[in-house]
Every structure is written in structure tokens, then in C-alpha cells.
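This report refers to the structure that appears directly beneath it.
Residue numbering begins at 1 within each chain, and the chains themselves are lettered A, B, C and D in the order written.
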Amino acid sequence: MAKAAKKILNDPRRAVSQMIDGLVLASDGRTRRLDGLDAIVKTEIPDDKVALLIGGGSGHEPIFHGLVGDNLGDGAACGQFFAAPAPHIIYETAKAVHRGKGILFLYGNYAGDNMNFDIAAEMLTDEGIDVRTVRVRDDVAAAPPERMEDRRGIAGDVLMIKIAGAAAATLDSLDEVERVARKAAANVRSMGVAVSAGSIPETGKPTFELADDEIEVGMGAHGEAGIARQKLAPADEVADQLMSRILPDLPFSAGDEVALLLNNLGATTMMEMLVVNRRIRATLAERGIAVHRTDVGTWLTVQEMAGFSVTLMRLDDELKRYLDMPCRSVGFSHWGTR
Amino acid sequence: MAKAAKKILNDPRRAVSQMIDGLVLASDGRTRRLDGLDAIVKTEIPDDKVALLIGGGSGHEPIFHGLVGDNLGDGAACGQFFAAPAPHIIYETAKAVHRGKGILFLYGNYAGDNMNFDIAAEMLTDEGIDVRTVRVRDDVAAAPPERMEDRRGIAGDVLMIKIAGAAAATLDSLDEVERVARKAAANVRSMGVAVSAGSIPETGKPTFELADDEIEVGMGAHGEAGIARQKLAPADEVADQLMSRILPDLPFSAGDEVALLLNNLGATTMMEMLVVNRRIRATLAERGIAVHRTDVGTWLTVQEMAGFSVTLMRLDDELKRYLDMPCRSVGFSHWGTR
Amino acid sequence: MLATTGLDAAAAAAMLRAVAHAVIANTDRLTDADLAIGDGDHGIGMRRGFEAALVALDAPPPGIDGAFRATGMAIMANTGGAAGAVFGTVFTAGAKAFAGEAEISAASFRRFLDDAQAAVARRGGVTEGQKTMLDALAHAARAAAGAPDLAAAIRAAANGALEGVEATKGMVATTGKARSLGERSLGHPDPGAISLSIILGAMRDFVAA
Amino acid sequence: MLATTGLDAAAAAAMLRAVAHAVIANTDRLTDADLAIGDGDHGIGMRRGFEAALVALDAPPPGIDGAFRATGMAIMANTGGAAGAVFGTVFTAGAKAFAGEAEISAASFRRFLDDAQAAVARRGGVTEGQKTMLDALAHAARAAAGAPDLAAAIRAAANGALEGVEATKGMVATTGKARSLGERSLGHPDPGAISLSIILGAMRDFVAA
């Protein structure tokens, strides 16, 4: 067993709570913490706005809580490391962001998240609050297309929150926001590759072991098994491997316009991702698939895990419009695309 | 000697060049590469604009070349890994961005960069082009205040490029842009801490060795020695250590308004930086120093090095105005602060 | 400890405290089991939940159901993840099964197991054979079915849960984080099933003490 | 190889090729030296520069100065970092020193070393004692000063450079990336100084061959 990871934290058991304090402070007054809870909400939410609630386990910063902000999530319920938030946290966050127009729950498809968010949704529904749920299931490595329900949510979350956030800031019915989010969810596909493991501070134990010359293609955002453990390969090969799974899955085809997102799982260099981007773009160009917008960065991490994922979302004019709007939060800010 | 780092690249000797191709592609048409050179410039630079040229060694992505974009650098000259760009690259990039109003060279203060940029500046000056140079020297750990000339440029670069980029997009004389950049440079201070080493792909060798329970406070952006190698300590202690050097250096004092930037050197988790932010904010509040704006992210990396740095810049209304403008590039996009 | 006849509210609370201590004592074992086929947080999650349960059980609300509800809510609120929802559900099911009863009897204990099984199956959308704690719970419920008295019922349930844990080794996970492993999850026991066996094992030890 | 009298343009180009091969052969040694007190790129940077020089020297422009200028420009354009600027400057100084000369003589070789020293000092803003390649260069220039003929001058320069490398071990760096090390740079030779000693050593070996 490898040695415990070296991290600059105080008490690891209080790390999530202290992280949230630091996150709120970093938002320059734009968010606040719910008293006594691991939850963060926007300071100003207009009356009559459809609410967007996001959330999930911590340890993936900046997702989810770092994406609470303008044209993004209205609030996030935070769990402990890699653990879905408890129902009462979700419930309280939902109450804090609700403005009478209903709430869209948007989160990654994991058994823990599903159960906890569902419990909260049932509590809210009992009070007459309209709650809709969209689960992100973009990881094509997690299950074959016929078992879509079994797919995990990975970095597709970022584009989903971007689009749902812009839609929720613009459209005035929950029905409409849900419709847009479902369309985006139906059109997003991702796959990642892990190069080395991350660890939970409290245990310090890497969540998996990879040999010095091995990578795992398709690994999930908590170290869940992928589809192939193999020798370290050149960037072009790895890019091709990911694309060969992602492209036929939707499928993406000639004439499509897509958003392309490269997400750093933590410790990978941006140089690696850019070299991969070069190859991905060549493949897309070959297939006649146009890239409307590219995002390269660090949004859904797995602590200090090295690796990255590639996300493609097929766009229509409506999705483009929401994607192109500006957004602002600690973890994701963008001027927008003109 | 530790084993070679595991990276997903093709030929390491072509990594910088392939990275630049990937970067240009990621900019969605907003930048282009100069033929046959490791250099990237904006596709559209208005006539009569004061030009901002940035650059330095590669391996620190997204800085510098990832910060070419709207209200940021007009062009960047890229060196190989940790090596300043050669004079002809700088010269050609300068020619490509010049619009008749002169050029501000903005880069980190390293012997290699100084010499190469100076050679290029001399060539341009010989042709009658007005070139001014502002070197970023924000690293308080690099030398005492009386040897300011010896200080390295670290993550202060990010705020410098943000401000100089906005100024160069707005002001219409090189004198004025230079004045603003010098003011910003005079008011910025940083210090970092290294937790583990990065490596250059071509050698695979970590640039320094740290024991499993050690960190180095004040280490530079290429692994240059810091001021104290010490046992891993709690976040609050490390934050206090950094602040105890940064604050008295300018000095920052009660009534000041500052920009605060936390920069990830590569592999550190955002959670750690946010926990550190919490403590830094407590210290600043105690001292009566107000934070106008916070940026937490990954801008100046040292390949897969773990660690982070803290940057403070004292602001006046003019600096705030430029800092608050929106910006857009692959490595740094921001809606702006209203 | 009245084991062959029944457990009153005070004894039930004491039993639940013993359960919490047993779970907490197994933090590392549970984490390691989850590292093998999940994300390595099961032990620390269960510890968080049962530490909170201990606090709640310091001064539990009246009644057996009060103690179970307080335990379930503490787990639900503090564990997080899949475990928080399913183990919270288990104890909340207990609160319903024991509502209005002055003692835990063999019959009400068996009802608790059956109700818990049903509630978890509904909440998790799982059936037996998917390699979850439900397998341990189902084995436990079946084993306890014919038991003549409470002590025997608890003993049988605890043994059944252990068989359930064994059974999960032979299953391919089709839910939770282990799902992705497919065939590679074979040979490993399910962490949540181990937790359930620890919980029932601590109850057995309590009544045997 | 006419070593005691002079080197013509063809010989000069051949000598520069030998220099390039020597530098390239020492890539790892130079990188390791830079890992100790710098950023670990000196060897790969010098290799880049001198590989480009080799290409340029395949068909050098006419004259000794042509060969030196082609070498200097290749290094300047391809090495990058501090080394690109200073070693580019060294060979460019050579181009000036040998301009119009048909042979490298003892006198012009000494002028080359002196001019190179002055040019590097200006470009780098350094003086002796700051733990840079300038220390090796200055030692070399001084050692060559009294040499009776070219072979002796080159030999003396090469030996002087080695002394310069030794001397840098006792210096605290005050420029370049090693500067931050302060006292901790003591005991380590300067990587650029080693490069200069390799360059002059290769010249010595060339004329001795």
C-alpha cells in the first residue's frame, strides 16, 4: 500500500466544512453558507426565478459547490468526501433557493446521490414544492447504451450546470428549464483516463493502485473500475481510444456541432490535455464534426488523481445560446461567447 | 532518484509544439500560431492598439501562452520547458502584434527571460519600434526587499497580465499602459509553498527531492530553493507563514484594498487552497485589509508539482477598474466584476 | 438481559449503543472493503453516522421506536453516501416496526428485518443478488424466520447476515460504485453487507452478554 | 591539424562540429548539474542548441566568422533560457573576433575569449564571482593570455575553464536560477561553466588530434 498522501489541511475531519467557509469567502460576497450546514447558496436570487440545485460528495472541487453563482447553480448541497449529501442538507438548501417557481435537482447518477436527493425531493413534494430531477449520466465507460440508467455522471456535469444554470436564469417555468436540461443530458457523452490515484484525506489511502507504467481507461470519478487497464501509451493513442468510444455512442456524426470539454481530474498537466486536444480536433475534423466551443480546465477532480476526461455535447441553437452565456462562480467563470 | 513521471504525451521533444497547436485549437478561432514558431497571437488585434506581449518558458501552462486573448496578452512567445523563448521568437511575435502604438513586454524576472527579451527589444528598437519592459518580481521569498531586482516572477504574473491586458485594450498610449503596469507591479507580492516536485517530460526527473513529510516554503516556479524546508504542517500554520512574509513586505496595512489570488502549482487540491483561503481571510480581516476580489485556480503551474502560492496586490480605483474588466482566453476567462 | 423474552426501551437503546461502538470499531475494515470495490469511504462514513447516533442515544426520545428513530435519523443525517440512505432506512424501519411496543419480541424483531428489507429494496431500487447490504439483510430475515425466541432470532439473523456477506463474494455488483467492476467485483464481499453483519453481530453479542 | 600555426575556415567549422558533438554527448551531465542548483534543463537546452548548430555547420557560410556566426545564431535561436543567450553571445563574439581573418591564430583566439567575456558580462549583467559560465570564461581568457601559439592558447584556455568550474564550486550564486539557493549552492559547480569547459576542452582535443 502506497504511503498516505501529503496534504496541507487542518483536521481532515473538518476539511469539508473549512473548505466551504473558504469557498464562500472566495466568492466575494456572492454566496453564503447555510447556518450549521455544509451547503452554499447565492446571496441574491431573484424572486420568481426557477431554482437550480446541484450537489454531491465533496472532494471533487470545484464541482459542485464551486459552481454556485451567476447563471450557474443557485445552491449546492455538499456531502463529505465522495459521499452524497444527507437528505436534510439537500432539503434545507432547496428551501433556501426556492422562489416559488419550483426546483430542478441536477446531479451525477450515483446510488448514494439518487437515494439522498430522492428522499429530500419526497420531503419537498410533500410540502407542495415542485421538484424535478435530472441526473447526469455521461460516462460511456460505465455501462453500455442499453443500460443508460447505470451510467455515472462525470465531467458532463460542467456543461450541464452551465446550460441548466443559464436556462434557469432566463426561462420562467420549471417545465422549460427541465426540458432544456433533459435535452442537454441526452446529448452529452464523456470518458476519462486515470494515470494515478487520489485519496481521501481522512484515510490517506489511494482509492486504487496503478503500476508505474499503467493507466486505466474509462475509470470513474471515485476510482471506479474502467474498461481497460493498460500500459501507458502516447497521447494520440489515448485520445483515439477515448474518441472511439465516445463518438459512436450518441452517435456524433458529420454535420454535428459540439461543445468539447477537457477536464483535468486533478494532477495532470494542461500541456498533456492540450496535446490530446490537438488529436481530438483532428479526429473531429475528419468526421466532419464542428466544434462550437472548447473548455479546457479543472472542474471535476478526484482529489490529487492524475488523468483527464473528454466530454462532447451535441448542440442545437438553443443549447448553444445557453452555453454561450457568461457565468461567474469561484470554480467556473466565463465572459461568454459572442 | 525517484522514477520518471508518468505523462500522456507523444514525443516529449515535440510536446511544446504540439501543445501550442492544441492551445490554438482550444481558443475557438481567437488565436493563431505564427508559422513555424512556438508563438501564439490573437487573430484580431485592432489597429492602433497598444500591444501587450507576454511570454516565457513552457511547462507552466496555462501561463503564458494560455493567457493570450481578449483583454489579456495580444501575443505570447513560448520557450521550451522552463527555458525562456529565443530572441527571434520574441521578435517575430512582437512584429505580429505591433499596431504602430508600441509594445509592452511583460514577463517574469529571470536571467534567461531578461536576456532573450532584451535582445529582441534591441532588435525592435533598432527598427524604430517603441518597446517598454515590465518584469514581474512578486516572489518575496526570492530576495529581501533591498534586492528587489533579484526577485522572481511567480503567480503575480496572472494579475499583472489581467491588468496590463485590460489597460492595453483601453488606453491609447504605451506610456499610459506602461504606467499602469508599473503601478501594478510595484504593488504585487506573492509567496508559495511546494509539496512535491514536477518534472520536465524530456528528462522525467523531478526538479527537486522532498521527503515524504517535508514541504518547502518559498520555493520558486522551477523548483528554485525557498526559505525553509520543513515538516508538513497544518494549513493554518502554512497560511500564517506565507502571510507573515507577504504582508510586511509591501507593507499591506489597515485600510488597504487588495486582490487575492491563490494559484495552484499543479497537483494540489482546490480543497486545500480553499481551507488556506479561510485562514488568509481571517488574517486580512484582523489587519483591516479588505479583499476586493478573489481568484482561486490554476494559472502558473510547474508541471505536476504540488503546492500553491498566495498573491496579494494592493489596489487603487484605477487598478480595480482594469482588474474588474472581463477577459477571455483558454487559460483565464472571467465575466468581470460588476 | 431479558434476552429470551424481550428488550425494553432502555435495553434497546443500550443495544443500539453497543451496535454503534461495534461499527465504529470496524472503521478501517469497512474502509478497506470499500477500497477494494468502491471508493474507500464506507468506514469513515459509517463512523460519522454511528458517532452521531451515539450522541443521539445519550438521551434518546422515549420508547423503542424513539431510540431506533433517533439512530436512523442520526445515520441518515451524518453518514451521507449510499450507506447513509440505506442504513438510515434500516433503523427508521425499526422505529416503525417497534412503534407502540414496550419490548422487542421475536415477532417484532422479525417484522423489523422484513420491513427493513422492503424499505431498503424500495429506496435503493435493488433486489437480492445485486451485491449490496440487502443480500445480508435478506439472508438475516430468512434465517430469523423460524426462531423460537428473541435471542434465537437475533442469533439466527446475525449468522444469516454473515452468510449473506459470504454470498456477496460470489455476486457481480450491479448497483453502487462497485457496479463498474463487473466480473472484477467477484471474490470481494460487499462493504455494506459487512456493516449489516457487524450491526446484527453486535445485537447478538448484546443479548448474549 | 595546423594546430601550432592556425586553423582555416574549414578546420574552424570542423572544430565547431567537434564542439557540438562534445556538448551533446554531455547532455545528462549538464542536466544533472542544473538539477542540483537550477531547474534541470541545461543539458537538454544545450543539446537543442548544438544539434541545430550541427545542422547549420553542415553547410556553413564562408569564412571562420561565418561558421562562428552560424553556430551562435543556431544556439541563440534553439537553446532558449539563459544558456541560449550567453552561449549564443559567445559564438557571435567569435564571429566578430575572427571577421576578415583567414586563420584562427593565437592572437585572434585570445581576442575571441576576451570579447566573448565582455559580451557575456554585458548581456548577462554579471561579473566574475557570481557563479556563472563567465567565471569559466574569465579563467580561460586569463590562462590563454601568455600562450606562445594557438595550440598552447587553446590548451591553456581549456585548462583555465576547468579551473573556473572548480572555482564556481566555492561561489554563492547571485544570478540565474541558482541564486535562490544562497549558501546552499556552495559545493556545486555551475552548469554553464561546465558547458564552457566542455566547449573549450573539445577545441583542445580537436587541435591535439
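Following the convention adopted for this analysis, contacts are C-beta pairs under 8 Å (C-beta built on N, C-alpha and C of every residue); 3 or more make two chains touch, one makes a residue touch a chain.
Per UniProt, the chains are A, B, C, D = Dihydroxyacetone kinase-like protein.
Note that this is a predicted model, so its numbers are computed, not measured.
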item	value
Common touching chains of chain D and chain C	none
Label of the chain whose CA centroid is most distant from the centroid of chain B	C
Chain A-chain B separation of Cα centroids, rounded to whole Å	28
Gap in Å, rounded to a whole number, between the CA centres of chain D and chain A	54
Whole-Å gap between the CA centroids of chain B and chain D	32
Touching two or more other chains - residues of chain C	none
Residues of chain B touching at least two other chains	none
Contact graph of the chains (line, ring, star, complete, other)	line
Touch relationships between chains, expressed as pairs	A-B, A-C, B-D
Touching residues on chain B, where the partner in the complex is chain D	57, 79-88, 110-112, 114-116, 118-119, 141-143, 150, 152, 199-200, 202-203, 205, 207-208, 220, 222-226
Interface residues, chain A side, partner chain B - complex	3, 6-10, 15-16, 18-23, 25-28, 58-59, 61-62, 66, 70, 193, 195-196, 212-213, 215, 232-236, 238, 262, 264, 266-278, 281, 291-294, 296-298, 301, 303-304, 306, 308, 326-328, 330-331, 333-337
Complex interface listing, chain D residues touching chain B	31, 35, 38-41, 43-45, 48, 76-86, 123-125, 174-182, 184
